[in-house]
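What follows is subunit A paired twice: with subunit B in the first complex and subunit C in the second.
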Partner chain A sequence: MRIAVANRLTPYLFMAPAVVIMAIALMYPLGYMIWGSFRDWSPSQTIGEAEFVGLKNYVTLWGDPNFWESLSVTLTFAFFVVTLEMLIGVGLALLLDRNIRGMSVLRTLFILPMMIAPVVVGLMWRYMYHPTVGTFNRMLDSLGLPTVDWLGNHALMSVIIADIWQWTPFIFILALAALQSLPRSALEAARIDGATAWQQIWHIKLPLMMPVLIVTGLLRLIDAFKVLEVILVMTEGGPGLSTEILALRISRTATEFRELGVAAAMSNYLLILLLALTLAMFAFTRLQEARAARIRAAVEEES
Partner chain B sequence: MSQAHEKQNPAFYAIIALLVFMSVGPVLLMFVNSFKLDVDIISGTTGLIFLPTIQNYETALCDILWYEPEHLDFCALKFGGAFINSLIIALISTLLTLVIGCMAAYALVRFRFMGRDTVSLTTLMVRMVPPAVLLVPVFGLWNNEFCLDRDGLIGGFIRDTFGGRGDVCLAGTHSGIILVYVAMNLPFVIWILQSFIVQVPRSLEEAARVDGAGPFQVFFKVVLPLIKPGLAAAAIFTFRIAWNEYLLASALSDRNTRTVPILIVNNMSEFNVEWGVIMATGMLLAIPPIIFTLFASRQIITGMTAGAVKG
Partner chain C sequence: MPTIQLDNLIKRYGEVEVLHGIELEMADNEFTVLVGPSGCGKSTTLRMVAGLEDVTEGEIYVDGKPVSHLEPKDRDLAMVFQDYALYPHMNVAQNISFALRLARRPKAEVHAKVKEVADMVGLTDFLHRKPGALSGGQRQRVAMARALAKDSGIFLFDEPLSNLDAKLRGQLRAELALMSQRVEKNMIYVTHDQIEAMTLADRIVVMHGGYIQQQGSPEALFKRPVNKFVAGFLGMPPMNFLNGEIKEEAGDVFVKGNGFSLRLQDEKAQAAKAHRVREVVLGVRPSDLVFDAEAPSDQALTLDVMVSEYVGAQSVLLCQCGADQVTVEMNSETPMALGQTLRFRITPNRVHLFDRESEDAIQSK
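Let's turn to the complex of A and B:
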């Protein structure tokens, strides 16, 4: 009897530490933030002392052109980063999916950029983009070309390039893994039927890789909204607001402008956006599983 | 791979060489520059013709060196202390995350119990929460709510015994930062480990149970050894986040608990950037992840693909 009770309790005992920690340091703070977003709250007050102002923070943000500017920078950044990384990453995977010596060494070197701290990545690129001592401008100069004001007029583009450098390998590795797990028989059949390399890629490889590619793209998209340190170190959101993505604006609103309520409301907007994306991803994987199960059932019925 | 390697077009190798250069180039550049004096960096003696010096590293690590570097008369950059802080925080939070996450993942995979679906869905959802969103509430909570009141029981005891203000807050302590990191990384670790635990054959566990092992024994003696690759992957990813994170650490730390990324950002925002020293600190911060990458790239790749392909 005692053993039966102990067995029934086992899963709860295993879960308990994780649930407690996530409740204290993740769920409770999130609830606290939602509560705080309805208050006029400065860092020197406790939340109880802060005045309740209803939806004022949300309305203020809705009418704040700087918030919209920041949101549009975030969306532009996320869009270009994900699109370009997908194109380059998948392209490289298709190109390098060959049986060559030293592929594992190559993959090791490729994942190096994404293991390095974002702060350090920002630091490296800030040096390379430097108007006078930077690598790029020095190179352009020695070639006799006009120099480019990387972090000035073209700040957003430069930030996007740095992110592409850091995260394209992620897409590349996942796309390569997907490619190498494709059924060999389908490719073999296509080759025997005389399909050209392009036809194989376009009609067989890409459609078969699609599920993995979509999940990868969504993961990358969610991560693109988390980018902060690279941009903070490279441009500090400037010049003007041209690279101030939402995450950066939240942190500045909280620490520089000292308006925790507004920052909390802004965090909530960002959270809603991400929630929608996550739900899309979740729905997609569920759909995929259902479809796979249906196909499997159909195959079993036939045989 | 018993297959013979195919002969490839020379142009193909040229492309690969170019790609390797592009991905490793910036890191190498930083490495080389960290051994240059600022004069050399700014005057632009391109190429490798310069006198390498470890002066930058001496400046960075001056507070834990056993000798006093000649070129310094005052140790301004307390990098050594920050490095130790970073190590403590990253290692402890990685260890805690792994143990706790592993147990949770096992329960989610192997047992049917009330609330299982809720937990698993919540885990998936909180994965997307960016650190920036946690900034405001964590700052508020760690500074106000999660404190021992100075008039309360324990706070009063501390005040009477040790003196001081008597209120102890999570903010400004190592444990405060570790707590956030563990919570932040748990969902991801649980998610990755689930896909590894599913592959452990049930019959093995049942055999152990028939031999009289309790659930905890089964877990620690049978399951854990079998999912070592998954653990390695999860450990590297957790360490990477805890080691590299800037935003939350900057909100929660005080002068004595500052981590390396904070120090780098603080020095970058000064008007006159000392490139050599900054590159040396950046290099020191980058070295542990680079070592992991070189020695455990297989585990990293497995972890990455397990996360997305089976998601």
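Let's turn to the complex of A and C:
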């Protein structure tokens, strides 16, 4: 009897450390943030001293054009980044899915950008974008072309380019893995059926890769909403509000404007957005699993 | 329908040569089966005909025209794969019509064709299912329907029945035989299963180690194998082999070995005499041994029965002859007990002789 109880409790015992860490490092700050978002709270006060204001912070944000500007920058950034990264990453994977000498070296080179610390990426690109001594403008100049004011007039485009450089490899390796797990014989059958290289991609490869691509895209989308370091280092959100993504605005609201409650409320808006995306992803995989299970059941019933 | 000719086909992977000059001619409407153990080069040969493998040397001619530089889609062929190779995201109708849709045939024609071939293989009720919702046998039927829908002159099969269970395999084999009579196509069929080869083929090509060992009708290969490999590969249970020596005594020719002394007759005796090789291997099929206690000792084997495997109407006896094992196929009704020593008559002229060193058959030309 005692042993049976002990046996039943063992798994919980093993899980306990993780639960404790989660509680301290995740649930506590999260609860703190939600609690704080209902208060008019400055950094000089403890949370107990701050005045409870209900939903005021949320309402204020709803009417704040700067918040909306920031949200739209985030959405624009995320949309372009994910779309272009998907196109380039999948395209590269389709091109490089073959046995060429030195392919493994090439693949490793391709995924290097992903391994560099974001702050370093930001510094590197800031240097390359520098209006006079930057790599790009010097190159344009030496070719006799007009220079571009990268981090000035075209700041959002420039940070998008930098992000694409850094994160396309992520999509590339996942797409390549998906490609290489496709059934070889189905592709051979398609060749015999008369499909050209393009038709094989369009009718066979892409549809079969789709489940992986959808999950990959959602993962990137969630990440793109949370991007901070690279942009912080490159532009600090400027010029004006042109590259001030939500994460950056949150940190500025907390530190520069000293409005912790508003910053917390903004964080919660972002959290809700990300939660919706995550749920969409879970729903998608669930749907897939359910469909597979249904088909299996149907087949078993017949045989 | 086109004739296919393989002219000195060689395949190398780097330094390794896996096919050593395959010469083969397939006539109109012929069902050719390439058969051999795994690694013999039969699948590689087929995939070269299909255009899925490059030809290292030699040439493939279809209707006299070289095709080895052409893409698979330009070779007028259809293929059925071992793992079905269906498009998992398309339903049965879309799978079947894929080639036609790529060729941009009119909708009505595509529709009619799908219906026709689905009828032929009994898939009419499943046209809207995805392959994942079909059983193994149904999937292979879809693969066949897809190949049929293409209306090409050459039909290639790469071990199409190997992934199915025994009962389904037998059923689909019969359907295939029926189909091959109905559609006028040149078919090349690869298998490692000698029963499929025997039952389906107009012509069997036995391959081993990258060489063609022998080709001909199933009957010719079964009755007159040119070497020990072909003799042992075709036929179930496989042929018995016993080492022996040719001896001439008083004008008669004998094969003598451990526990037997067999007098050769007519043609066999002459062939053995002419061949001048002493060391031979005697080959006897299990079905050519008949229980007969009265048989003359120079026309029979005397065997100790070790094990009897009951398989229904027939039983397979595992026997001992000297140090060698011999299997005998016999009617299950014949009364006999394990441990008995029995005499089995060899059906006259059904013995095979092989040169022990070269393993070639010793037979009159």
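A few comments on the model shown:
Here, the second predicted complex is superposed on the first by the 293 of 303 C-alpha atoms of A that agree within 3 Å, B and C clash if a C-alpha of one lies under 4 Å from a C-alpha of the other, contacts with A are read in each partner's own complex, and residues count from 1 in each chain.
Everything below uses one rule, namely that a residue touches a chain if its C-beta (ideal position, glycine included) is under 8 Å from a C-beta of that chain, and two chains touch if they have at least 3 such contacts.
Quick caveat: nothing in here was measured; it's all calculated off a predicted structure.
After superposition on subunit A, the partners subunit B and subunit C are accommodated together without colliding. In the superposition on chain A, A:R191 makes contact with subunit C only, not with subunit B. By the document's definition of touching, of the two partners only subunit B reaches A:L109; subunit C does not.
Within the superposed three-chain model, A:P169 lies in touch with subunit B and out of touch with subunit C [touch as defined at top].
Once the two complexes are overlaid on the shared chain, A:F225 sits against subunit B while remaining clear of subunit C.
Of the two partner chains placed around the shared chain by superposition, subunit B is the only one that A:S251 touches, whereas subunit C remains out of contact. More residues of subunit A lie in contact with B than with the other chain of the pair subunit B and subunit C.
Touch criterion met: A:R101 reaches subunit B, while subunit C stays clear of it. By the touch criterion defined above, A:I272 reaches neither subunit B nor subunit C.
For the pair subunit B and subunit C, the model built by superposing on chain A gives 6 Å as the shortest CA-CA distance. Considering their complex, residues 6-7, 10-12, 14-15, 17-19, 21-22, 24-30, 32-33, 36, 41, 43, 46-47, 92, 95-96, 98-101, 104, 106-113, 115-120, 122-128, 133, 135, 138, 142, 165, 169-170, 173-174, 177-178, 181, 212, 215-216, 219, 222, 225-226, 228-229, 232-233, 236, 246-248, 250-251, 254-255, 260, 263-264, 267, 270-271, 274-275, 277-278, 281-282, 285 of subunit A touch subunit B. Only residues 50-52, 71-73, 77-79, 81-89, 98-99, 102-103, 130, 132-135, 143, 146, 150 of subunit C touch subunit A when the two sit together in their complex. Taken in their complex, subunit B has these residues touching subunit A: 1, 3, 5-6, 8, 12, 15-16, 19-20, 22-24, 26-27, 29-30, 33, 41-42, 44, 46, 99-101, 103-104, 106-108, 110-111, 113, 116, 119, 122-141, 144-145, 179-180, 182-184, 186-187, 190, 214-215, 219, 240, 243-244, 246-247, 251, 261, 264-265, 268-269, 275, 278-279, 282, 285-286, 289-290, 292-294, 297-298, 300-301, 304-305, 307-309, 311. Of all residues in subunit A, those touching subunit C in their complex are 183, 185-186, 188-196, 199, 203-204, 207-208, 292, 295, 298-299, 302-303.
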